[in-house]
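Have a look at these structures, which come just after this line.
Look at the two complexes coming up: subunit A is in both, with subunit B in one and subunit C in the other.
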Partner chain A sequence: MRPLWRQEARLFLRAPGVAPLLAVLFALSVLGAWNGAQRLEAERARIAEAVAADQAAFARKRDQLVALEAGRAQEGQFGSARKAHQAVMSAGRPLVPPPAELGVLSAAEARPTPDLLAVSLLTRHRDQQPTLDDPTNRLDGPFDLSFVATWLAPLFLLFLTYDVLARDREQGSAGLLASQGRTLAAIAAVRLAVRFVAVFAVVGAVAVAAAVVTEAGRASLPALLAWLAGLALCLGTWCALAGAVNARARNSASASLALLSIWIATCLLAPAVISAAVGAVAPPPDRLGGVLAMREIESGLNRRRAEVTAAYYAARPQNRPVRQGDEYEHYFVTEMFPRTLAFDAAFAPVAAGMDRARVRQAEALRWASPASPSLALKLLTEDLAGGAPERRVRYLADVDAWQARWRGHFEPKLASMRFLTVEDYDRMPRFEPRPEAAAARWGRIVALLGALALPLLLALAWAWRALRSAGPL
Partner chain B sequence: MLSAERLHKRYGAHTALHGLDLTVRPGEVYALLGPNGAGKTTTINCFLGFVRPDGGRALVDGRDPALDPQGARQALAYIPEQVNLYGWFSGRENLAYFAELGGHRYRKAELGGFLTEAGLEADAHDRPVSGYSKGMRQKVGIAIALAKDARALLLDEPTSGLDPRASHEFSELLRRLSARKVSILMATHDIFRALDVANRIGIMVGGRLIEEMDAGGLSAAGLEARYLNATLAAAPAEAAP
Partner chain C sequence: MIGSVARRELALQLRDGRLLMTGAVLLLAVLAATAAGWFQFDRARAEREHFIAEARQQWLDQGARHPHRAAHFGAYVAMPQLSLAMFEPGLRPFAGQTLWLEAHDRPAFANIPSEDDLTLQTGLGVASGSAILQMLGGLLALTLGALAIVRDRESGVLRLALAQGVRPRAWAGGKLLGLATVLALPLAPAAGLALAAAAFAAAPGTRFDILARGLLLLAADGLLLLALLAAGIAISAVARSSRGALVAALGLWVGVFVLAPRAAATLVERFAPAPTLQVYQKAAGQAFDEGYGGKPGYAAQLKALEAETLRRYGVTRLDDLPVGFSGIRMRHMDAWSTEVDDREYARLLGIYEAQARIRMGVAVASPFVAARSVAQGMAGMDWAHHRRFLEAAEAYRRGFGLQMNTLLERRVRGSRWETDGDRSDWAAVAPFRYETPGVGWALARQAGFLGLLAAWCLAAFAALAIATRRLRP
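The block that comes next holds the complex of A and B.
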């Protein structure tokens, strides 16, 4: 028997309503990709602007210092290039994590990984997080390709597959169909495959085009293939479910109701239940607890400010001031800076606990995600778009390490009030974030693909069992 | 070619077929007459493998549809009472689709030939089926059966709703198929059409084949009288607990 691809594809594509429906899905996909690309472009522009401004500022300071040392310039009261508390103490350097391969897929505004942090000798970068909630817990989010693939594509596939056999039974053509010598299971399988290819091609093609346009030059092919595999597994599950429902449904109305119920259960109900369960098992970071801990540490340090300063210089006698600065310099250098270091040391365990809570939450979500293919695809998409909490933790560790080197570079000059030299500017530590270990990263991706494969296998088993005995009556 | 051996089928408490024995030989047109609920459609569904008999067996060219439905269906063509096609496809496209389902791929001219042979006017071949009358759709159904080139043909009330001319053309077509040694089993209420085209006629009531006769020499009035006698005689038995 010849395969029926050509005839079924013609029958499908020329059926009333199909072309407009696919056109709407295409338009929504393009809109989602456009939003993702806009966010990405804005973010890259913001980063480029911040980096350029930072480089220009430090270049200006270096030039000023050279002029100062050559006697070609006078030092003002503020903005001195050789006094560390004015030149570098609060100058936030823009630190950028390694780019995510598929940032274009997501336009989430509250992603756990900020793509730009301004970190100085003083800044406590953790305070800048807009939210401590894991956005993968949020089922809505902005309109991007992640939203289209996760929630809309299954719905469109449902519109296109709910009647692959049920309508023939309803209209009385199932008998004629089944009498031709092919099983209804074979006919349904080809019809479902044609619809799968149509929806996958529309969403997948837009995603590939968006990735090619926005991620040009980056090594995003494996990530793109992983995402396409995830999309295929998710859509495949819906095709298998449609096959199972159509094997028994007497008419298209009951088939559509059954499939819509499954969509509501797996796309809305299951994620909500999972989110609640995960919130109980692995609660989100305690923001209030963090704020209280921060205030307690700060007030304690404020009460003991003289003690903190004394302890700092006792531990680092080589950093004792070599000259008497003005009252501002005295305050910033001998009080504020030691207090900042003491605060960071005291708050570090609290911050680490918050990061651990966020990672535990993400791990729990991934474990539960096989119950909802859409949630699993959402987690996969956000991960590939750079939203995994593990990535944030890794990035912040790199930031902490860089800040320690930055402090180590300038601290002796700052705390001792010695003047900076041109060499201090020339040998400033560079921020070089390490890419996440491939094993850890791909371990998460493979686990999520597994979470998508499991419901597919169950749905296929159900569909195979149901379709095997499907008849025209 | 088609045979039913002690075919038995129950739907819950209702017995649709009571040990039906029936044979349709190659080239024979067998008309199965009977009132609604007599078991005619169930008999056809057993040959198609759409329902599984509870006892006995149906055979299509020696193959049991209950055990090998696809094999049996390969040897069969089927025209239901309502030939429901895909309305957005033309008659020719519907024919191409169903022919390919049956494992045949024809050129455009060949498809047109089947449609013409089935009696569909050439200017209708490429019009969407949604604009067809019932008779025109029935002709596409016939063309599908012709294109399948099957050795047996099952017809369930094929002339229901057709005008006299279309019914006459249909009878002519069945005679041509019969001449090609196609076995034809036709379930119908139409005594006149049965007499016009069939070689043998069986009268079914309550799942039983009450009477079987050669059509030759029978008049319409005579067949009607025998049909009424058979159904009236069986009615009290049907009504008994």
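The block that comes next holds the complex of A and C.
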């Protein structure tokens, strides 16, 4: 077999158009990786800037308090470092989720897990972050490695494999080929394998290089291997389909049209049908309903504001204000803060319901993904790049737990209007997010690899059956 | 002669069962997508109307509260959609659904469906009638055109025809006419039915506008398909084999429909990125605090305002004022922030224009980018329509902000801040009303892209004429 392998590899690489085609694929892969790296770099810079600004702001407040206590400074009407409603109440601390292992693979704008949340003593339940961006830029999705692997690599493979046997039939050389001691099936298999290796090597090598360069210390080998396995399964499916089509096709034009029809069916039509079906079975979270619920709760609490304040201090008599404060402080501390707590308690089930809807939709998509290898590979890629809704749920649970500790730390001083001390600043709770449980995460990844393996097995069975009876005419 | 060749081509194509099958699939796909679009449009309209009514009711029922806090509670508005959105949803999945109009800040679109809906995040699949018509219709046009002449050459028919005195231009012209008819057979009824559905679902009084917009949309799609058909036949005229012609046509399709739109987004991101909302607000905040162009920052303006107000009312302390200084201060603050914001927004508009120029540049290489832009514009789902809505909402926000500040000015005295407005005050704020602009407005914004499409068509015809002149059997 080895001489045939070598011979076919040599013929393939010397064939006109192959080297330029592979060079274009390489250039597009590099462009995709570069875009992913740019997004990652921008995200990291934004996080670093937010974290540095937050640390500097708290350090400044602490220094101000030290100077105030030492009698070296005087307190103004605003910006006090010892009045909790001014110093910490609305100071949003930047909370960053654990980094994704292969973030460089995707430059998607819409990501279920926020890269950064600024969380304060007030509610974190706000509208989605508004955007000024022209949505036309998001219409087609980003040009990233995820796009290269799911859209372009199968198309390039289609260009390289549509005539592995059909061309010989067309030129009348298939009979000669079949008389050389190798079956047409074996020759087709070797030709397909050579093309598979070429495309896989180009896209895979760029992805590995991008991960190594941008994810130093973060990228895990298992995650990278899982993605490469997914890529191999997806490309393998296309090779098997090309083999099956070539076994029957009389000419390369028919073969190319047949393969293109399969590509359209699996990459363009099947995902649309799957999306419609998933949307019916597991609809996305009702965002407008969420906004209305948010405002309904807020209005209701405003109408009962005196009652809410009374209930808060009745439940926590130790937090009763020790001084009057001005009208601003009185409002923020005795009205707004108790209302915030009541709002969060009332809105939590709505928010949890929305997150459950996200997870349900992701699960339904994974179940349906064997119908489209490109969709399955896309889901796998986005999962490894940190785009799974389950990661969001884990992160937000950590955020909620941290916010409870943060409120627990400052609430007694804030609600009672007692002054903050340096110790309050020194003993502030830290945010330490936990990564997702490995079993749950790898369960998803293995399921997606299974979703990629299933169409490969079916395509292989079809190709094996078709190639076994493939003749020179 | 052209008519005879066209009739022959039509007869040959209609005898080909594969083409009938492809046409039927395309017809069904466009109709199914439009039907699904109708369902979605209808549901979205009901949801939006419910949301607007509920949001207004919540504004009225918010209870007694401070006018400025009521301005922060704000109003929610949602953009109306034309019924053509069922055929061309345009930016709907990627543009925010709502605007929150609150004190101080210019609104930005939030609650983007694609951020909640995973099926939209995958970026795979073509789900709208317009996209199917453009992408799959374009593929059909290119492949039909690419095989049109080269197959006659391979079978010897071309040699025979030319030997009998048929002029090459007449042969190619007949092919073009015949294949255009073939393309129109499934696509014209599909487009006609989609247009009829949109007209049927149009809001009262807008039917003529919808029909005019729909016809322009279909004219743009027609130009796209005609240009691609002519380009395909030109490829066919110069190709040596049907294999080569098909590969070239498919390569063109991938470049025009898959790569170019993403390339446009990448170029926009690289050369004319819009600022994030945080960056925009930071720049506006800095100008607000520090002033610009010889105008002092807010703190200095406030001091001058205090002095001027005291002088005007002939008192020496703010507490002695017969009007509420808080309201005067808020009104001045909003006027200054409006001035600052207008300056920043003018810069943002400059960035949007630069982005549009880049997209126009890409449309020179990809008629799909131009056709899609025209289709979105005619359906009222492009960024220009969204921005017009945004600007109308901003004018409304400024108006009701002023109403709240005036209320504050009248209700309190001196430097007091606390006072409450009630339901009658909230009812005095008129609900937001918005009318979608007419077809003339939309056409003016898409004239450049429409011109480009026409130029593409002319260029493809010119290429066909040149290729035909060199036609060899």
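Just so it is clear, the second predicted complex is superposed on the first by the 453 of 473 C-alpha atoms of A that agree within 3 Å, B and C clash if a C-alpha of one lies under 4 Å from a C-alpha of the other, contacts with A are read in each partner's own complex, and residues count from 1 in each chain.
In this text, contacts are C-beta pairs under 8 Å (C-beta built on N, C-alpha and C of every residue); 3 or more make two chains touch, one makes a residue touch a chain.
As the structure is a computational prediction, the values presented were derived from the model and not from experiment.
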{"item": "Subunit B versus subunit C as contact partner of A:379, first or second or both or neither", "value": "second"}
{"item": "Touching partner for A:175 - first (subunit B), second (subunit C), both, neither", "value": "first"}
{"item": "Partner contacting more residues of subunit A (subunit B vs subunit C)", "value": "C"}
{"item": "Partner chain in contact with A:317 - subunit B first, subunit C second, else both or neither", "value": "neither"}
{"item": "Subunit B versus subunit C as contact partner of A:268, first or second or both or neither", "value": "second"}
{"item": "Partner chain in contact with A:4 - subunit B first, subunit C second, else both or neither", "value": "first"}
{"item": "Which superposed partner A:387 touches (first subunit B, second subunit C, both, neither)", "value": "second"}
{"item": "Contacts of A:20 with subunit B and subunit C, given as first, second, both or neither", "value": "neither"}
{"item": "First, second, both or neither for A:76, with subunit B first and subunit C second", "value": "neither"}
{"item": "Those residues of subunit A which subunit B touches in one complex and subunit C touches in the other", "value": "none"}
{"item": "For the subunit B and subunit A complex, residues of the former touching the latter", "value": "45, 48, 50-51, 69-70, 73-74, 76-80, 82-86, 88-89, 93, 96-98, 100-103, 105, 141, 144, 148, 154"}
{"item": "Subunit A-facing residues of subunit C, complex", "value": "29, 33, 36, 47-48, 51, 54-55, 58, 61-65, 73, 76, 78, 91, 94-98, 100, 107-127, 135-136, 139, 143, 147, 242-243, 246-247, 250-251, 254, 258-259, 261-263, 265-266, 268-269, 274-277, 280, 348, 352, 355, 359, 373, 382-383, 386, 416-418"}
{"item": "Partner subunit B, residues of subunit A touching it in the complex", "value": "1-2, 4, 7, 10-11, 14-16, 171-173, 175-183, 187, 471-473"}
{"item": "Of all residues in subunit A, those that touch subunit C in their complex", "value": "28, 31, 35, 108, 110, 112, 127-143, 147, 150-152, 155, 159, 163, 167, 170, 251-253, 256-257, 260, 264, 267-276, 278-279, 284-285, 287-288, 291-292, 295-296, 298-299, 302-303, 305, 327-328, 331, 354, 358, 361-362, 365, 372, 374-375, 378-379, 382, 387, 389"}
